[in-house]
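In the two complexes below, chain A is the common chain; its partner is chain B in one and chain C in the other.
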Partner chain A sequence: MPSIKLRVVLALSGFALACAAHAQQKDAAAPRKPAAQTKKAASAPKEAITAEFEKFREMMEEASPAELFEAKGEDLWKAKRGPKNTALDQCDLGLGPGVLKGAYVQMPRYFADADQVMDVERRIVHCMVTLQGFKAEDLARQPFSDESRTPDPVSLVTYVAGQSRGMKVAIPQKHPKEREAYEVGREIFNFRAGPWDFSCASCHGENGKRIRTQELPNLSSKEQAIRAFQGWPGYRMTGGLMHTLQWRMNDCFRQQRFPEPGYTSETIADLLTYMGVNANGHVYKGPGIKR
Partner chain B sequence: MADPMRIRAVSKDGVVNVKVLMSHEMETGQRKDASGKAVPAHFIQSVSATWQGKMVLSAQWGPAVSKNPFLEFNFKGGKAGEKISITWTDSKGDKRTDEATIN
Partner chain C sequence: MKKFQASILGAAALAIALTAQAGDDRAKAVTVMKRDFHAKGIAGMDRLNEDGPQALCNRSHDQPPKPIAERLERDQLEAIKYPADGRFLGDWKSGERIAQNGRGMTWSDPGAGANGGSCYNCHQIGPNETSFGSIGNSLHQFGKTRGNSPQIQKYVYGKIYNAKAFTLCSNMPRFGHSGTLSEQQIKDLVALLLDPSSPVNK
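On to the complex of A and B.
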């Protein structure tokens, strides 16, 4: 059976090749088109590839295993845990203790109790330490998902993010420290350093850049900055792991051959403030799926 | 104990559309760990769906199904408010059953 099928496929591809060759000959015979039109034609296949990826992503979003991590996070949020044996229902994500709806799309923000600007993961870790009695060093030891485990903050972030599904990104810039975080974040984004003299902006500061077939959003522009926000936290089909923006930032630093930033550090909160504020006004679709 | 499934069942024009997300490693047995030893196979072998005591789907799965698998199917007859239950059994004999109400 398989050999027959294979033969059919081969026959078809032979047919396609013949057609392509014919088309090429015809093209050569035809008069040269104006330059503008040729350029337009050249960009068409690229757009087609992107459209196919978009279709694929849409299909996968419907069946995103991120939901499994949302469920796990919900259990973790509500369970009495840690040395102090308490749940996280008193954790204030900026809208009052235990208020989750819309909290994710309004972070990073300034928290007076910690006198810091905190992104969601930084805040959750803060709650786990102050309310539940976990040790920050323990949480920072292996903070990212691997084959053997998904760290608790990852599931918690996914749960909290799911509570802002369909809501508009509205990261505050009222407090002076929030505005400072944005400015510092922009500095970090544009700061060139390391053995490759790289910055975030090297890849994400212009329109139309890409790595292989993956289009890179220009995160310094208001229109595209949402793409740093959308789809995160995300389930990566490669390896089937759930990752948060803490991981994404960490991995971008690694790709730039920079020293590794501290887990839930101020640096990351500043960067996320810069990119998040740029994305303000766009609708957040909830935890996503990545290739 | 395995993590719960996520089940959504929606009835429309006499047909129920069921979407199930299962939490499972789905190890093929083909992979090797860092020390070169084969990671033992561990995957879901059978899946069944029951509605009103009647089996509406029965499937045999193998190691080619992805980690955290997603299953979608339709069946005729279900109405909103009725229950659908899904059960899987894996190669180690672990079992998990979850139930959802049809919307």
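On to the complex of A and C.
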């Protein structure tokens, strides 16, 4: 297994190739468009678009730009940082201090020291605050990637997620608070409100639905819930930014026409518990690519 | 004897606790959300307060008892504001633009100005747009199969204004009721679906 740094170099060159290949595919596809727009708008063109994207994603995942952020996260994890000038090697992600292998696919889980169910980002932020002395409100101020920066927790989550590549999702439901998080998460998932009467389930409660050409996984089903887990944290081709599930939940609530959920709040941990437990037993492929 | 009473009490408490469990989780969910969310842009915290149809559909998992559902549907129907001029058909070309436009009502939208209807997000409509969703049914050839009578025009206007007046737990937003679309915008959408010259009906 090559080191992360070497894989990053490979990733970069592969990424450039994939971009070029995608551009070519696009050109090749262009002349077909008018033919696809004849009389009846059948379902075939969208399926073609989706299939093309899936092919592209497979190519990209061979050498994913997400690995750049894994490498950055590894450096951040090991560096002495923050007001307390400490590394994160004593951060316990549920399997003991500094144990990263398999931690990601077993979160959210209950942590006695915080008396909370925590998803990976909530826990990492907790460690940055308690071990390194960062201020929670500073970390919550601009927690999502934009053109100018990738917040440290994003890279850290990506690094930790990479340490569970190829492992089965096994989110625990032993502690009463873990079971409660699942049930409350289900209620939040089905809570319809706001000016457009949307809940999570409005778009993600049935099999085989789409918004425009985007296929919507049914996150209430055991078969499809893995699609909320798979590919996250993800390098999103729209905008070319690295995002975690904290961002995904935030932007879903925006589109749900809700007010904004707090960063690393219990609401998000409960939702991720509900969807994560539904995905138990499936193999997690590691940080990925998103459309 | 005391022990016996205690165990009966315990069993009763357990039974109540079990039946109340779902309601407790729901109450906890609402409490947690109201604590964790904050207003942003035009999206205020009042958006977390359920109105009648939302509350009934949430509590019944979209299977409300029929008499109550019919009662609430009637309330929604009576609150629809139909155009004062009695005309329902606007401009289908403008309707197509509104159907394409998915902006509006999020915390990143400005609030003022024309929102879109997000129609293509969920429905197949015009034949030239192949990027359409499937949460709603296909509306392609809507007017061709249903005609263009005043009754149909009024029905379509009302359905876009408030879908919950017809199916209480419909997934479709209430575009007039929520103030998302103006009277003129809804008329333009009615034309998109019903005007014989609209490409939808070609």
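Methods note: the second predicted complex is superposed on the first by the 241 of 291 C-alpha atoms of A that agree within 3 Å, B and C clash if a C-alpha of one lies under 4 Å from a C-alpha of the other, contacts with A are read in each partner's own complex, and residues count from 1 in each chain.
Quick note on the criterion: a contact is a pair of C-beta atoms (placed from the backbone, for glycine too) under 8 Å apart; a residue touches a chain by one contact, two chains touch by 3 or more.
Only a predicted model underlies this, so the values are computations on that prediction, with no experimental measurement involved.
Because the two structures share chain A, they can be overlaid on it, and in that overlay chain B and chain C fit beside each other without clashing.
In the superposition on chain A, contact of A:Q90 is made with neither chain B nor chain C. Legend: residue contacts after superposition of the two complexes on their common chain; A:G240 is shown touching chain B, with no touch to chain C.
In the superposition on chain A, contact of A:F258 is made with chain C only, not with chain B. Once chain A of one complex is fitted onto chain A of the other, the partner contacts of A:E183 are limited to chain C, with no touch recorded for chain B. In the superposed model, A:N207 makes contact with neither chain B nor chain C. When both complexes are overlaid on chain A, the residue A:E266 reaches chain C alone and has no touch with chain B. By the touch criterion stated above, A:E67 is placed in contact with chain B alone, chain C being left untouched. Within the superposed three-chain arrangement, the count of touched residues of chain A is higher for C, of the candidates chain B and chain C. Taking the two complexes aligned on chain A, the least Cα distance separating chain B from chain C is 16 Å.
On the side of chain A, the complex with chain C involves touching residues 36-37, 39-41, 45-46, 49, 180, 183-184, 186-188, 190-199, 202-203, 206, 208-214, 216, 254-255, 257-262, 265-268, 270.
By the touch criterion stated above, chain B contacts chain A in their complex at residues 3-4, 6, 19, 21, 23, 66-68, 70, 72.
Across the complex, chain A meets chain B through its residues 62-63, 65, 67-68, 71-72, 235, 240.
Per the touch definition, chain C reaches chain A in the complex via residues 21, 25-26, 28-30, 32-33, 35-40, 43-45, 47-50, 53-54, 57-58, 61, 105-108, 120-122, 124, 126-135, 140, 164, 171, 173-174, 178-180.
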